[in-house]
Amino acid sequence: MIVDWLIQAGLVALYLFLAVVIGLLFMGIARKVTARVQNRVGPPVYQNFLDVGKLLAKKTNIKHNWIFDFAPLFALAGVLLALAYLPMGGYKMLSGEGDLILLLYIMAIPALGFALGAGASANPNAGVGVMRALMLMLSYEMPFLLVLLALMIFYNTASLSTLLEKQMSFAWGIVALPISALAADLALQGMMMEKPFDIPIAPHEIASGPLVEFGGKYLGMLMLYSAGSIVLETTLFVDLFLGGGVVLNPAHYGIIAYVVNYLVWFVFIFIVWMIAVLINAVFPRFRIEQAFKFYWKWPTVIAILGLIQAYIMSVFMGVVP
Amino acid sequence: MDALTLFGIFILLPLVGALLSYFGRKYAPIIALIFVAITGIFLYVWYGNFGSYTVDIGVKLNLTFDITTWFFMLMINTVIFSSLLFAVSADLKNAGGFSTLMLLGFTGANGVLLSRDFLSLYLFWELMSWSVYVLILRTSGEYARRYLLFGVLSAYFIIMGIGIIYYYTGSFLYEDALSGVIPYYAWAWILVFLILGFGVKMAIIPLHVWAPYAYSSEQPFVSFLSGGLSKLGTFGIYMSMYSIAGVGILDSFGTFRGVSLLGYPFALLGAITAFVGTILAIFQDDIRKLLAYSSIGQLGYVMVGLGLGTSLALGGALFHAFNHAFFKSLLFLGAGAVIYRTGKYKISEMGGLGYRMPFTFLFVLFAIFGLAGIPLTSGFISKWMLYEAAIEKKFVIIAPLMLIASVGAFLYSYRILYGIFLGGLKEEHKKVKEAPAPMLAAMFILMLPLLIFSIVPGWILGWINDVLTNTGLKPIDYTQFTYYSSIGGANMATFWIAFMVLFFVAVAIFIMKRARVVNQYDNYFAGEAPSSVALHAAHNYYKPLKDTWAPMLKYSVDRAYEKFSKFFVDGFYEIKKIYTGNPQDYAAYLGIAFLIFLIIGWWLL
Amino acid sequence: MIRPVLLIAFPLFFAFLSPIIGLWSKKWVRYLIIFATALNATLAGLLLLEVFQHPVFDIIGGFQPPLGIVLMVGPLGAIIAFIINLVAFIISIYNLKVEKEPIVRYSMLYLLLVMGSTGMVLTGDLFNLFVFLEVTSIASYSLAAYNKDKKGFLGAMKYVIIGSIGSTFVLLGITLIYSELRTLNMLDIAARIGTMDPYVKIIAFTSLFLGFGVEAEMFPLNTWVPDVYDGAPNPISAAFASLPAKAGIFALARVIFTMFSFTNFLWFVVIMGLLTVFFGELIAYTQKNLKRMLAYSSIGQMGMIIMGLGIGTTLAVEGAFYQMIAHALGKALLFIAAGFLIYAAKSDKIEDMKGMARNPLVGIPLLIGALSIMGMPPFAGFYGKFFILMGGFSEGYYAIIALFLAASIVEVAYYARFIKIVFEKGNRVIRPDAATYIPLILLAILIVLIGVYPKPILAVLQHVSAFITGGA
Amino acid sequence: MNENPLPSVIPDKEWKKIQRMLSKRSLWMIHFCTGCGAMEMPPVMTSRYDMERFGIIPMATPRQADLMLVTGYVATKTLKRIVRVYEQMQDPKYVIAFGSCPINGGIYWDSYNIIKRLDKYIPVDLYIAGCMPRPEAVMDAFLKLMKDIDEGKANGWMRYRKYYDQYKRNQMRIFKRWDE
Amino acid sequence: MKAEDIFKDLELKFENLKVKGNTLPRYKAEVQPDKLEEAIIKFKSNGFNHFVALSCIDWIKDEKFELVYHLFSYEEKEDVFLSIFLPRNEPKYKTLRHLFPQIETYEREIHEMFGVEFEGNDRLGEFILEDWDNMPPMRKDFDTVKYGKEKYESVPLINEGGEKE
């Protein structure tokens, strides 16, 4: 029993490592794409690896107090934990052991730890930044939770692994609940703090908000955290709506299925990431009031429509995936 | 164990303690602590042998000591123990009176939990509510008056419920109510009255107005009031819906996807309470009011669980009541320690106390994790069960309200953490010392179960299962570390192992380089030198959110009550005109009265 | 074998002894009252113990019934008499505070009042009941005007007018009954009531009901109560609330149950009780003057007792009598405390009494008294109120009980407001002297004792209310 | 003074080389626009010259920055802020001074409150001559700086640490109070 | 109403300044210090409600400071310069900030740069220059080059000392 437990742990570690690497790669690609949109050359794709390397190799690191260290520790540990519970490329990682609501709350651990560290930096910019982050969270969570609810009600399950199987057998999320998928994508923009909604880390207004006092290794670890969270959020969308990239059934094809699914999954998250990056490249930043008004008007209405559709299909029309 | 020892230990002993501790002056809390400890020990010793007895003090009191009573007593006993331990070093004025009234409240609570007939239930319920009234009176008469009005309202709702049952069965015993003599429409009235009566103590939305006022009195008492006594409301509703009425009668009102039509509106009310309570809590600047509204919100969750009625929902409600008892009283004690040290109530006036009071900060942080439902504490498991219960049954109004309320909980949780413990440390708080030892011990006691039951949820789920089977409901399926619902499950062991391993990975990266500590003024302030006041950004913290919601926040239930009562008081002044004051009218009244009596007599003949 | 007649003879004797002692020294007269009431209370206690075995009959003056005066003392009468005398004794301690000069006349009237009330409770003869009623009324009229100020005279005058009309109605009733049945002994009347001509029976019943209603502060007849309680000196208003009022209610109970046993008339009594509660509580909320507020509150409580009697089931009647005892003690305590507050704040407006009761010697008894009146558990008021409510429910009076509960919420409101003002952190705390806090503490202990262990009293009441409602 | 993070795994010499390469390839810049030099930055950042392709991006706080640009004349008042920002940056940190004013006071040679030579107060790794150098000069300066870093010559932060007391003495001659 | 008419009412000698390329009429008049306030009030109430600037000129040879109050009227599109002369050794004048609030800032600057005292303006003192320890710098008798040389040349270069890092 210990042996296959170790194998599974090793696989999970491998997937996590790959996820962080892909995350950094995606950040590089995003900077390249944004540069090209602005008609300039842009940094090499591996630039973020260099940035993280430089930050971790910094000679002196400044810290304020022992609570300040919470930020990088909780942020990195939390995001890796969330990734561990998320099936990537068909391999269901630990999602058999926990379900969507557990994942939702695990995603809160890095946010809260990061907010604690930022608050401990005793810088007013950080305080204001975290306030904006929490308010933004409240605004995009409204549609996102309704979307999750629609999925859970329609597929009648809260566990991600069974959700994947049901999407395999019945139909992908995006096919069954297209309206919810649209609302989810809008919410995703806020969740990933891409341009129209990067209000909390606005460099011009509040000197990059919560990050104002983080430098050196702290900023390096937070960069790993943001890389991980990119992969986390895109994979969440893919798992919920695009069947988690599972094309070949691993039962029939074995290892090849895992590799193919991994590639398909990679392509899917790349597409979702590109949508977000392109929106990011052309949009100015919203004010926080505009962000509320935006999220509580259209995305919420769309999410409610999706919920009604899921409710009607699953309860009245008796469609059981 | 016979009637007298049971009655003696749980009712007489605290009463005697109450009398004794009045004369204890400064050492009164310690005396009270001893008495509570004794009852605690007996509670632990008597876990096994349950039984029901009757005690005759002129009227027959039927007391039963079973697993349900034991479960709720465990909460209340621990909470009052830690409150009194906190009060030992909180040097309250007139500590004698404080501990007497606390023990009276404790007696009332024990009595309500033990009683199995409506007379003793009502007797101990009133005893508990007026001892709380006098405790609030110690700080402010006006708040006490508002509390008592609602306390009496709740008592009279319960009386109406009891009365209707008495009309049909002619006896006060709980068992007789099930004898099937009561028609089903009468049950609707009974349950509505009982739930509203007990709901006042749980501060459900229309009846919550007393809570923010009552929670502004002394902190050790408030932690017992919100942590312990609000659980009596839960116990009351649980007993009246599932032990007195029973599932059969509930379902006789027709079921809507497996949930009784009577329970569903209360679940909806609970969800609305959770949502509105959390939203109001976000905008409070006074720490006590904030914790009060957050308590209303959390109890809304419990109400949802009680309303839904499936075994998973009830298990979640009981577990969340258990968690709420611990993390809410821990929060109040933490706030009490901060208020004790700084003497301030407004969050924006504090700041940076986490560096001066590290242990208090850690305890409050842990309580916040419990409140917000972070999986590191057992707070998550109970919230998880409530969500799964709602989603299982595909309730598309209750589930979103609860989920969004839990996100709102993050907002006011961070407001407490940032406003009090993080941010810039003000000049006058430079020399604030850590809270005294008894306070820290009290907080530690409350923190322990939250941690233990998050690692091994099996133990408490075992107790909850016994409670459910004791009241004749289906048990929930669980193992030592995992818990399941029909649509999902979670294993806390793997969660903790994974978290530890990954935390170790983060620490490994972290300790590669040492970091130089900088004082709080060495901060990027656009090149300027920051002053201590400027560093703290907690003033008017969620202003943009407040402005967007301003049109909705205008309506307040308090003002509705004021207008409502003003309407009646004007009526009283009208009636006053009857007593004109001159004797001729009075003599005329006599004559008219005689005539009326004669006509009535004639007509009756 | 205690002859009940002693309970009436002793106060009479000491009443007429007091002018003689008054000649010798004024101080001793005050102690005389205390001694007399103490003696009477012990006698009533012994009588109560004895009466447990068998009802005690006592014929005065050798005339056989139906003419002679017969004292028929059942367990209920004994308990009420004991409570009346006990409260009278406690109030007499507070009498030491009365400064007005003519103390001799005060002690005579006070002892007459005690004698009259005890007599009304013990007597078994209707005419005798009327005689004692007259004695109490006259004593009350003069005591009401004892303060010799405008308010005192006004109150006394109103009381005289309404009291005398009430007495005439009682007399009318008695003559009608005597003309029909040739007897005045209550038991004979109860036996032969059936032979009366129904129309005459109605008139007799209504007049008696009205007459005793005035004394029992029923709704349309209690208009004198606020002015009298306000005008009378503090100990006297305390005495009024517990002595004559209880006797009046007892007489009313006798009229309804023992003599006429008009069961289908009871629902009207409940309505009257409810009206009394309503008007008492609602107007009490509007009062600014402390003593008037307590007066209206006592009207409300009396209304509750009448309602209890009206409901008629054994539980409700038992609750009514229990409430009678609790109210006597509670109201006496509150009036004494009110006396102290008025003395301390030098004005009877509630607003001026900010923080006067912060001294624990006054504060705690005041709190206990108020909570007992509101019906809170470990105090005497709880069982009375609970049994009346439950009785009401068993008879199906849902709406009435609901209205009563609404009125008692108003009652809680104004008591809470009063407690708020009195316990506020106001100016300096005034220490009460011995004559004030001893009676307060005694009454508070009594209330707690009756509340915490109600077994003895309930034993008596259960036996009695079964006997009364049984209609035997 | 600079502890070696991975002593055992990678020999000291190689590790320093990698460190220098990393800090060369990702220079994060905080831009202290004191004078008229700020106008030269937009063309350098945008599509015409695009400094980001060398990994140089503008940062909002000194904590996150390695490179500080002093673009223009430095008044005594501004000097106090520049020193604070410089000290809040984390080692290794580099300073590039734009234009002739920081070199010798430029056109303000005779002014009473413009300091004449910046590197008397903070170590300057690179000066760019010109009364506001054109963007090409700025790009060339960046490349020159990157080459210096690579060869280990750009060690202004070491000199600041080494001769800290001299720098402080010079600074305190200009402004009297420090903590306000 | 027109600037000339106002000048006639005030019996003030005024001259019309011809400035190449500037079509708007501008008038300059010298006023006695004590009569300045009511002159400004007069102008202000007749359309000249825009206070453009208060500047100070150091006539070092005549030992005098000249304070020029520059008003402008939107209706008539005309500029008016009212100037007063103060003795150079101890220049003192009363504040006019109650007429136009912005006068206070100008007065603070002139006080710091020229050393003119304005009674009634309580916010004089350190304004732009931090830790300034010398005479007001804008005065003509202040030699900036010498001051600059003294202050900045005297700061020694960082001598790297012997060994090379």
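Some observations on this one:
Residue numbering begins at 1 within each chain, and the chains themselves are lettered A, B, C, D and E in the order written.
In this text, contacts are C-beta pairs under 8 Å (C-beta built on N, C-alpha and C of every residue); 3 or more make two chains touch, one makes a residue touch a chain.
Keep in mind that what you see is a predicted model, and the values were worked out from it rather than measured.
Traced through touching neighbours, the fewest hops from subunit A to subunit B number 1.
Annotation of subunit A and subunit C: jointly contacted by B, touch as defined at the top.
Here the chain pair with the top count of touching C-beta pairs is A-B. Taking the mean of all protein Cα atoms as the centre, the chain whose own Cα mean lies nearest is B. Note: centroid distance subunit C to subunit D, computed from Cα atoms, is 97 Å. Averaged Cα coordinates give subunit B a centre that lies 70 Å from the centre of subunit E. If you average the Cα atoms of subunit B and of subunit C, the two centres end up 43 Å apart. Centroids built from CA atoms put subunit D at 59 Å from subunit B. The set of subunit B residues that touch two or more partner chains comprises 512-514, 522, 524, 526. Residue positions of subunit C touching 2 or more other chains: none. Contacting chain pairs (ordered by label): A-B, A-D, B-C, B-D, D-E.
Subunit D contributes residues 3, 5-6, 61-63, 80-82, 84-85, 88, 179-180 to its touches with subunit B in the complex. Residues 76-77, 80, 105, 109-117, 119-121, 123, 155, 158-159, 162-163, 166-167, 170, 173-177 of subunit D are the ones touching subunit E in the complex. Residues of subunit B that touch subunit C in their complex: 56-59, 119, 122-124, 126-127, 130, 133-134, 137, 141-142, 144-145, 148-149, 152-153, 156, 159-160, 162-164, 166-167, 170, 568-569, 571-573, 575-576, 578-579, 581, 583, 585-587, 589-590, 592-594, 597-598, 600-602, 604-605. Residue ranges of subunit E in contact with subunit D, taken from their complex: 129-131, 134, 137, 142, 144-145, 147-148, 151-161, 165.
Those residues of subunit B that touch subunit A in the complex are listed here as 352, 354-355, 358, 361, 365, 369, 372-376, 380, 384, 387-388, 391, 394, 396, 399-400, 403-404, 407-408, 410-411, 413-414, 417-418, 421-425, 482, 485, 487-491, 494-495, 498-499, 501-503, 505-507, 509-510, 512-518, 520, 522-526, 530, 534-538, 541-542, 544-545, 547-548.
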